[in-house]
Amino acid sequence: MVTVIFIAIASLIIASAVLVVISREIVRAALWLIATFFAVGALYLLLEAEFIGVAQVLVYVGAVSILILFAIMLTRQHERHEPAWRAGPWWIALAGVIGLAAVLITTIGAVPWRLTDDDLPVSRAPQLGTALMREYLLPFQLAAIVLLVALIGAVVIAMEERRRRTPTLADDIAAQRGAADRAEDGTP
Amino acid sequence: MSDQPAAVRLTAALPAAWRDAARLEAHAADLPAVARFVRDRLGYAMLTNLTAVDDLARGEIEVVYHVVSPAGGAPLAFRARTPRAAARLPSLVACWPGAELQEREAYDLFGVTFDGHPDLRRIYLWDDFVGHPMRRDFPRQGDKYIAGAGEE
Amino acid sequence: MSAHESQLLQVNIGPQHPSTHGVFRMEVTLDGETVVALRPVFGYLHRNHEQLAEASSYIQTMPYTDRLDYFNSMTSNYGYALAVERLAGIEVPQRASYIRALMSELTRILNHATAIGFMINDMGAWHTALQFGMREREKILDLFEMASGARMMCNYFRFGGVVRDLPPEFLPYFDQLMRGLPAFFDEFEQLLRDNEIIVARSSGIGILPRDVAAGYSVTGPVLRGSGVPYDIRRAEPYGIYGELAFDIPVGSVGDVYDRTLVRFAEMRQSYRILQQIRERLPDTGGGHINPALANFGKQKALRPPAGEAYARVESPKGELGFYLVSDGSTQPYRYKVRAPSFINLTPLGAMCRGHLLADVVVILGSIDIVMGEVDR
Amino acid sequence: MNRTIVISQILVIEQAPGWLVAALNHAIIAGVLLIGGAITMMLQVWVERRLIARMQDRLGPNRVGPEGILQSIADGIKMFTKEDIIPRAADRWVHLLAPIVALAPIAMMLAVLPWGRGLVAVDLEVGVLYIAAVSSISGVGLMMAGWGSRNTFALLGAMRSIAQLIAYEIPLIIALLGIVLLTGGMSLARMPELQAGIPLFGSSIPGAPDLGLGWFIFTPVGLLGGIIFFICALAEGERTPFDIPEADSEIVAGYMTEYSGMKFAVFYIAQYLLNFALAVLSAVVFLGGWQGPGVAWLADAGLGAAASLLSLLWLLLKAWGLFMLMVVIRAAVPRLRVDQLMSFAWKYLLPLALVNVASAALWVGLTEWSSIEWGNLLPVDGLAPWQRIGVAALVTAVINLGATRWVLRINRAPAAAPVVVPA
């Protein structure tokens, strides 16, 4: 039974991942990417790693992909023209893929996988939290600093946006009045 | 109609501007000067109404400007005339921004071109409409836009 | 400018948009949600009203003026009647003038109550404010029906007076309405002033500064909201308005909030005027119409002498002017309507620039337009 | 869970394979929840229309069925029979799938909500996180709708809704986090169980009767968290004053502009179901869930089924009360502007929610830690549990009140006071 579900989920992951690559329209590719993430989340649930599964959905589907979609829709004019990607000869791509596959397969083969029934400490939320606050405190705090920097960057960009906002009629009049006042001060 | 002292001051200040001083009818070229005087010296800050009248008998179109002062009182009316065949007047939008839509309306319905208007387009009718329907000689029936016109 | 400059977006608001108060269209250029440029587009309801009037006799146009501002047919009637009376030199009896002013002020209350309601609706309130206004409007429409036989297209005015005198049941019902009005004003104004979101959405929005308001030829509550105390009832009194005591409320900043407050204050002033009219109405004389024109055939055969006349009334939306040129025949040679809704739209683009898309509909709502008048 | 297995064992032959029993179990429960959801949605629409009509001096729908209660069914039939329009420029599949992607996660939310004493379909250990994760998926549906319609208004609506969902999800989750600290776990099913007893002190006073009133809303942490959560729930559920994504007076209907017929109805159902799920969630987390006077008494008397029924009634009562509060708010206020909405989330709710988490941590420290964990700084060992709760309540109340006043003060807009001057 579990095997059947696993095969279903795995084929869903592979199919949608392939579709991400071959989709001609970038928004559709992003939507397939979301499907991939979601299926990966389901895979975690199948492994009874509830926390990781839910976090996967929350972070990747709920935040990352939506930001990707948002960025695509904001930056691209939503008219439909065929993407013009003719990136070099095909054999370079093929060589790259084969090389990457070779590296991955050798790496996966070289890792001594620990296939035991032990309750792994990271599978449950309390253990995960404790681990983050004890063993991995420094990386955790560093990640927090990275996020803070990103947040400040966003604020700076937003400030710049605000500075170049379109003036209203009242702004114009106030500016004119200010200029007139300055001119008056200058004359005597 | 017109406020007498204001009209008298106007004719006295700009004696050369009038084609018919009794009706406060200005030469087309002097219209901006009249407008500025009316606004700045006489205090008529609002151009409340702008009307074109098609004077078919004389072959001219008269544009009437009603201006009022925020301080109150009756409106002052001054006017200018332009030949129907090539109706053209200087725009007063620079003086009164409120003239913008009204001049577009006169352009659309009467075919008076206002020189210096920032955005002179048809306002009610579509851009490829032919003719100016408020002119007195515009056919009231048998319009080519009415399907089957002229068949009966 | 900078690397992250976003693309401009062209949006058509209208002509079937829910908040354009009819078939009005605005071509809006957006930067994100900020309005960079806005161009109003007219003409979807254009029916060449002026041309039709020039092809009809004078009295035939009277019911047609109802359709200009279909919310306020009484004031439209008044402006047209005034213009023809000036052109033809017709006297109006005192009682008729009182009835006319009574109807005008009722119209003002009706219009402002619904205009504020519609504006708050545009802000996204779910019809509650509008229903408050509509409830009062229905009562006033009952009065109109008693007097004229019609609720919205009243066609009540005639040259030299009104078509018939007030029926006997009118005044008791009117008194009942008047008793309820102060509570309505308080309740409605509380709804606005005590609602933080409405205040936040309306103050500082769509400012039309005092310096430029007059130049744009705006009139009515829009002009007074900008702080210019200009009211035709005071500036060039017509009818009995010279004898009545009332204040002209003005705003200080010229934003949407000011315009709304001016409308509230004007409703209270209209209530004051109505009280004065109600006191003096029984003592008025002269009948409801000039006897020389009491016969409808005489109205039909009216031939004003050649000449021109421009008459204007303070309609609830602003200065409603009628310009007439007569060539001595039974039909006007030139008939022009100076529509407040239309001309108040002149500064719309300037007022909306720099604000958000959500503010556009609120600013439009605060101008209070009716498409029958804009497109004519 | 156990109870439902019993039910399906009656239905299914004893020898059926285990996976079939499990599948049937889940199918039955899912069916009950979804049919219940559909009926709830119809009732919601009717209640909303009637209640708003009351506030506006109108009658509302009163023709179909007694008091118009079947009006929603009539509307549903109308929706079914309407033409399904797909704009020519639209992305066909994205346009079609969008309503489904929007509705499915919301239906998934219903699975982990504890509906009554012992009535929970799936007791997920990370229930709170699950709710947050699943509700964020529906944003994808809205985005698909906005993009797939190829309509400027739809795109604007989708942008707005995503911006809004992201902005309000953060204070929403942080508000829940405070309660997670208090309960020491993310299981939604456990939350009502921890809210037994009497207000504020719960079951910490020995001998006090179990009134089922130990709701978190009665603690300072729960009160602030509950208010923040409810406001965020209004925004997540796109209710007025936060119905900006579908602001009909501005952008027609937002992402739903190009939808008609049944697909429109699916969006509609999704929205009302989300509102109800959020109301239930607020009730579960802050208002004691199914706890209420009488539940514990019935359970002690051995009437387990009656206790479950009463607890279900309590929960529905609370949820409907919260939903009606949403309706009243809708009738009373207009909507915020986009920038006001954003600044409200980031400048008011987020700081308050963060302060609330700190308060919650302090609460836990003051009520549960021993003096060793305090580093011998705080001699708390000698105090009885209820005394410690009293101290914690006092401290957190001061912190939360102070923070609220501070946030309100620093964000006060410069006074714009245009006044009418009679001329």
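Each chain carries a letter (A, B, C and D) given by its place in the written order, and its residues are counted from 1.
The rule is short, and it goes like this: a contact is a pair of C-beta atoms (placed from the backbone, for glycine too) under 8 Å apart; a residue touches a chain by one contact, two chains touch by 3 or more.
All values derive from a computational prediction rather than experimental measurement.
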Joint neighbours of subunit D and subunit B, given as chain labels: C
Using CA atom averages as chain centres, what separation in Å is found between subunit B and subunit C? 25
Distance between subunit A and subunit C based on Cα centroids, please, to the nearest Å. 55
Separation of subunit A from subunit D, taking each centre as the mean of its C-alpha atoms, in whole Å: 27
Express in whole angstrom the distance between the two chain centres, defined as the mean CA positions of subunit C and subunit D. 46
Enumerate the residues of subunit B that touch no fewer than two other chains. none
Flagged in subunit A as touching 2+ other chains are 74
Mind pulling the subunit C residues that touch 2 or more other chains? 212, 229, 347
Touch graph of the chains shown: is it line, ring, star, complete or other? other
Sort out which chains touch which and give me every pair. A-C, A-D, B-C, C-D
Interfacial residue positions of subunit A with respect to subunit D in the complex: 1, 25, 27-28, 31, 34, 38, 50-51, 54-55, 57-58, 61-63, 65-66, 69-70, 73-74, 78, 124-125
In the complex, subunit D residues that touch subunit C: 52, 55-58, 152-153, 156, 160, 240-241, 243-244, 247-252, 330-340, 413, 416, 418-423
In the complex with subunit A, residue positions of subunit C that touch it: 1-2, 4, 6-7, 31, 34-36, 207-209, 211-212, 347, 350-351, 353-355
Under the stated contact criterion, what part of subunit D meets subunit A in this complex? 19, 91, 94, 124-126, 129-130, 132-134, 136-137, 139-140, 143-144, 146-147, 150, 155, 158-159, 162, 166, 169, 186
Mind pulling up the subunit C residues that touch subunit D in the complex? 9-11, 17-19, 33, 120-128, 131-132, 135, 195, 197-198, 200-201, 203-204, 229, 247-253, 255, 257-258, 261-262, 264-265, 356-361
